[in-house]
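Next come two complexes built around chain A: one with chain B, the other with chain C.
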Partner chain A sequence: MSGFHLVNGLSGLLIVTSLLVITARRPFNSAVFYASQSFVLVLVFLALAGVTGSHELYTWSATALVTKVILVPVIMARVFGKLDDPKLGSGERISPALSVILAAVVVVLCFVVVSGVNLRTAEAVKPALAISLAHFFLGLACIVTQRNILKQVFGYCLMENGSHLTLALLAANAPELVEVGIATDAIFAVVVMAVLGTQIHRTLATLDADQLTTLKG
Partner chain B sequence: MPSLSHFALAVVQAVLLLAAAPLLSGFMRVVRAKMHTRRGPGVLQDYRDLIKLMKRQDVHPPASGFVFRLMPVIMPATLLVVAMGTPVITRFAPIDALGDLITTIYLFALARFFFALSGIDSGSSFAGIGASRELTLGVLVEPVMMLSLFVAALLAGSTNLGTIGAAVASLSMHSAAATLMAAAAFGFAVYIELGKLPYDMAEAEQELQEGPLTEYSGPSLAMVKVSLSLKQLLVVAWFVAVFLPFGNATSMAPLDLAAGLVVFVLKVLAIFAVVGIVENSVARTRFRLTPRHSWLGVGIASLAFVFYLAGL
Partner chain C sequence: MTSSVLPYLLLFGPLVGALAIFAVPVGTGPSRVVEALHVASITAVLALALVAGGTALAAGPISAFDHWLLIDPLAAIFIGLVGVVGFLTGLYSLGYIRHDVAHGLLTPARHKLYYGFFNLFLFTMLLAVTANNIVMMWVAIEATTLGSAFLVGIYGKRSSLEAAWKYVIICTVGVAFGLYGTVLTFANGSEVLADPEGAILWTTLVANARLLDPMLAKLAFVFVLIGFGTKAGIFPMHAWLPDAHSEAPSPVSALLSGVLLKCALFVIIRYYAITIQAVGPEFPQMLLLVLGFLSVGVASFLFFVQQDLKRKLAYSSVEHIGLILLGLGFGGPLGIGAALLHAVNHSFAKALLFCGSGNVLIKYGSRDLGTVKGLLRVAPVSGVLMMAGALALAGFPPFNVFVSEFMVFNAGLGAGWVWLTLASALLLTVTVAGFVQIVSGSVLGKAPESVRKGDVGVAALAPMVVLMALVLAFGFAVPGPVTTLVGRAAELVERGGKAAAEPPTVIYGLSTPLRVEAASR
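After this line comes the complex of A and B, so read on.
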């Protein structure tokens, strides 16, 4: 099994973990699955670094490990664990089964789109590139199909992971500064959204996006 | 054309599986009793039940037809054919022509068809409803089963169970992600097919779930009961043959076969211990909600197919 095989296989695991994030019932479980997904992402970076011999990718994976596997999930688990809305229920607009089938369709479509890409760097990792694109859309789907605003934050994180992977696949030698920018960006976005979620829950006593139709406070 | 030794192996393994099936359901009863912290019957209880039933009179309802009389023969016979084709202790199918996954799926479907038909043929409306329930479950499970096995077949380049198993065992499947997803989907389908909680209870013949058994008595009931436990053993053996073939005998040498047998027994015991724990720690789902679960299985299987297509 070559290194590129490993990269492609691991990126398949990304789709599985992101489906777990989307279909998990409690935001706390979603945070755990998100951490495991980020860990898979770190493994993809390491595999990619091994194949391309890019030193930058090693630092990328180190910063991603600190920020995405530890910091962001811990923040989300701590803040979201306290918020609860019993009236919301599962808060899904479509059933988990439909989400999985939809994900399969999205992966196929992305694969068709990516097969038209003719880049020298993307030749060996085309499946992984398709996955990263699909991942972006899965995050978008998570925001659209979940009524729970905390799950929508996870949707944002999934989109962010997808674009992170795209960047690593296409520009393995990008300087660390870019990576640091992305990582801090993600952390601050999550912190801001966590604060927003807490505020919404305090003022309106709901986590249901459909209920957020009135201005209050 | 299979050689004589292959044929002998097929017959021996089918007979062994048939003989071990009541032992297995006895084991499941012991596990359940342990989980309930009660004493419960011993491991050999199912053999005692079967012997007792064999001595009883066989009674048919007046409205029943020939299907009702034939089913207790057809069902074990069909399952024994499956038992001869599945690679149980060897990595290859003992009789190649029977070791095809499409053949196996259809043989299981044949057994299920006659099982359900006998319920309708018995003339009892209760048995009829149980039969339609059984067929509904089949309709829900079979797409998952077929799709996941076809992904495995596409990856291995053959529909022969032995060849797929060999490809998995030598880790030469083209896509690890697709194989894992297909294994997960197939394992889920096999679990439903086992007839365990939360979907079914194979022992509850006085309930709707095993409704087709309502009118059976005596030796016929014994035959159907032993076939139901044989079916549980076979679907697990099927899963083991395709996705967990590690440690199976690769040749016909007696020592290899003995080692393969020991490994198979250990694997089956481990799987059934896990199944027992799952079964006894969940509540029964409402039957109308089963499609939601099975559609999830279809989703996982189609994801496996997509992974195969994408070449992950």
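After this line comes the complex of A and C, so read on.
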């Protein structure tokens, strides 16, 4: 059973790292925290692979290591490092303290929801499952509560990590090609967002989502 | 189910086309090589889409890639939509984009990017509608957003970048919910199936849906409806739609509204079929009816108040998506058949009108209905096509939208939803008023002196004439093969894996809906 404890424990660490991603002042720092979070995710996959003996999960951890720990953070750090909007400030709609409290509420709610799930595969990893769901909604909250559009990209990445963990917990026997497809989509999504973010910064001279208000009605 | 290379050919055509276009070096003007590659690619898509439809009709479902790809009657309808509307809007693009390059709105480099992404977009949509693997279905829908984001923001203006950003953020976030629905369905299936890995295939899931845990199946459907519903433009997840539709180049608006929304609906319909078998029809139907009615209600008023022609058309799309949901929600072979036919009919009519809005932009340089007056005098052919298209979308006979709207309402009355049907019909009168506004103000009326008289070129008008012909043809009598496909697809959705090998041929079109119901019994 200790393997499952490891999975659940490591998942808890995901919430801490995602709060760091959300509350970091500079997008560059967020990218660093995101890389560390993805590394934790890789460890969760490895622990899970060790317990379940799932061959696919080893491949998943390898692809996640390449794409999420290295490729995506490097892209974000390089692109976002060049973009700055001094007028925006922190770009937070709510204070970091409130973010932490909100995160706690989300985690509790997700534990309640997951306790009602009846799946044999999920029995031993219910805490991890609850955290993966909470992680998804934390990402959503990041998109809603941050005015900095670069932070919104991180919000998307957090959501993606959350659903990736759910996928690993509930659907580890899915064909490997499926996982490759999802990982490719995630990379391209970040690339598309980075390119659009750069264009917006160049054309509108802002990174503030509240300034994107030409279109209404 | 027969195995075939057809799905590969269908998918590789536009993918290779896109890659070849990206590889062409950028010159000083719009490249003819790029345009030739584009025309070859869209022609291949059209031809193969029609062949795929014909084969699925004559020889039954086709599969490929270890059953990951599937062309059954339901897929064939949507493949046909991508093929026909993709081809016609692709042709329309030639004149339109050249005009934009000539007027400095697009650079030669962007001209190339436009055609590259256009074909990539077609590829991703074809992948979505041929997917039998539910995760691949999700991957493809997500890819449609990424493939079309640059098309929405291609003008690089303040407003188009804003629209592209909202489009990407709202749709990727929305579709992430769809992934949860997908994973839940897979996990649910792999618990109960003898071969757990079979749960990745829609065909296996729908055939064994009765074994699924009902609670999880319901939860998955809610996630799917929110997720893919965002992409389909269902209220209240439609926020990206008016922005993206109005800011994209007109042929892309036609493609977004006519085909992309339907591809997302296609995925919802696939899950609807599973959910009907797993938990019975009441639960999914109630959700579809609520969202459908809200979409019709809210969109019809927002449609009415818009002053921007393309935003107006965008809200009309939300409304028609609502009508399709109502048809699906009324259920039964008639309701589902009506919904599928309405998806086809709306695509043709809306593509026609968005291309018409492109002509308006070419002539007036504006989408503001206060500025656009007297199109009929300025550009007579465009004017007539716009007028007929507007009347078609407003639901007047003898155009195609009337037929399928009538069928949706008949299904509603037949299923006992009298008040809901009446209320929806009443809301459509608001839409009629909005379209009358377009016709009386912008198509008729006095043309401003500053606008030079003379229609846009034949290259832009010819695809619109074909769309008009389709709108009329489907209004008088739906072609036999389409009728059969719609009938079989409706059967497939309603009865899941138990669909009869040779379901009755249902006759739509001018025949009375009563006969349709009788024939399907």
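Before moving on, here are some points about what is shown:
FYI, the second predicted complex is superposed on the first by the 213 of 217 C-alpha atoms of A that agree within 3 Å, B and C clash if a C-alpha of one lies under 4 Å from a C-alpha of the other, contacts with A are read in each partner's own complex, and residues count from 1 in each chain.
Criterion: a residue touches a chain if its C-beta (ideal position, glycine included) is under 8 Å from a C-beta of that chain, and two chains touch if they have at least 3 such contacts.
A quick note: this is a predicted structure, and the numbers were derived from the prediction, not measured.
With chain A as the common reference for superposition, the partners chain B and chain C occupy compatible, non-clashing space. In the superposed model, A:L65 lies in contact with neither chain B nor chain C. By the touch criterion defined above, A:A103 lies against chain B but remains apart from chain C after alignment on the C-alpha atoms of chain A. When the two complexes are overlaid on their common chain A, residue A:L57 makes contact with neither chain B nor chain C.
Contacts of A:V125 after superposition on the shared chain: neither chain B nor chain C is touched.
Looking at the shared chain after the overlay, A:V21 reaches neither chain B nor chain C.
Between the Cα centres of chain B and chain C, as seen from that of chain A, there is an angle of 150°, stated in steps of 10.
In the superposed model, A:A49 makes contact with neither chain B nor chain C.
Of the two partner chains placed by the overlay, only chain B lies in contact with A:S11; chain C stays clear of it. Greater residue coverage of chain A by touch, when chain B is weighed against chain C, goes to C. Figure legend note: chain B and chain C, brought together by superposition on chain A, show a least Cα distance of 21 Å. By the touch criterion given at the top, residues 133, 135-136, 138-139, 142-143, 145-146, 149-150, 153, 156-159, 161-166, 168-169, 172-173, 176, 179-180, 183-184, 186-188, 190-191, 196-197, 200, 213, 215-216, 242-243, 246-247, 302, 305-306, 311 of chain C touch chain A in their complex. If you check the complex, the residues on chain B that touch chain A are 175-178, 181, 292-293, 295-296, 298-300, 302-303, 305-307, 309-312. Interface residues of chain A facing chain B in the complex, by the touch rule stated above, are 1, 8-9, 11-13, 15-16, 19, 95-101, 103-104, 107-108, 111, 127-128, 130-131. Those residues of chain A that touch chain C in the complex are listed here as 116-122, 136, 140, 143, 149, 152, 156, 159-160, 163, 166-167, 170-171, 173-175, 178, 181-182, 184-185, 188-189, 192-193, 195-197, 199-200, 203-204, 212-215, 217.
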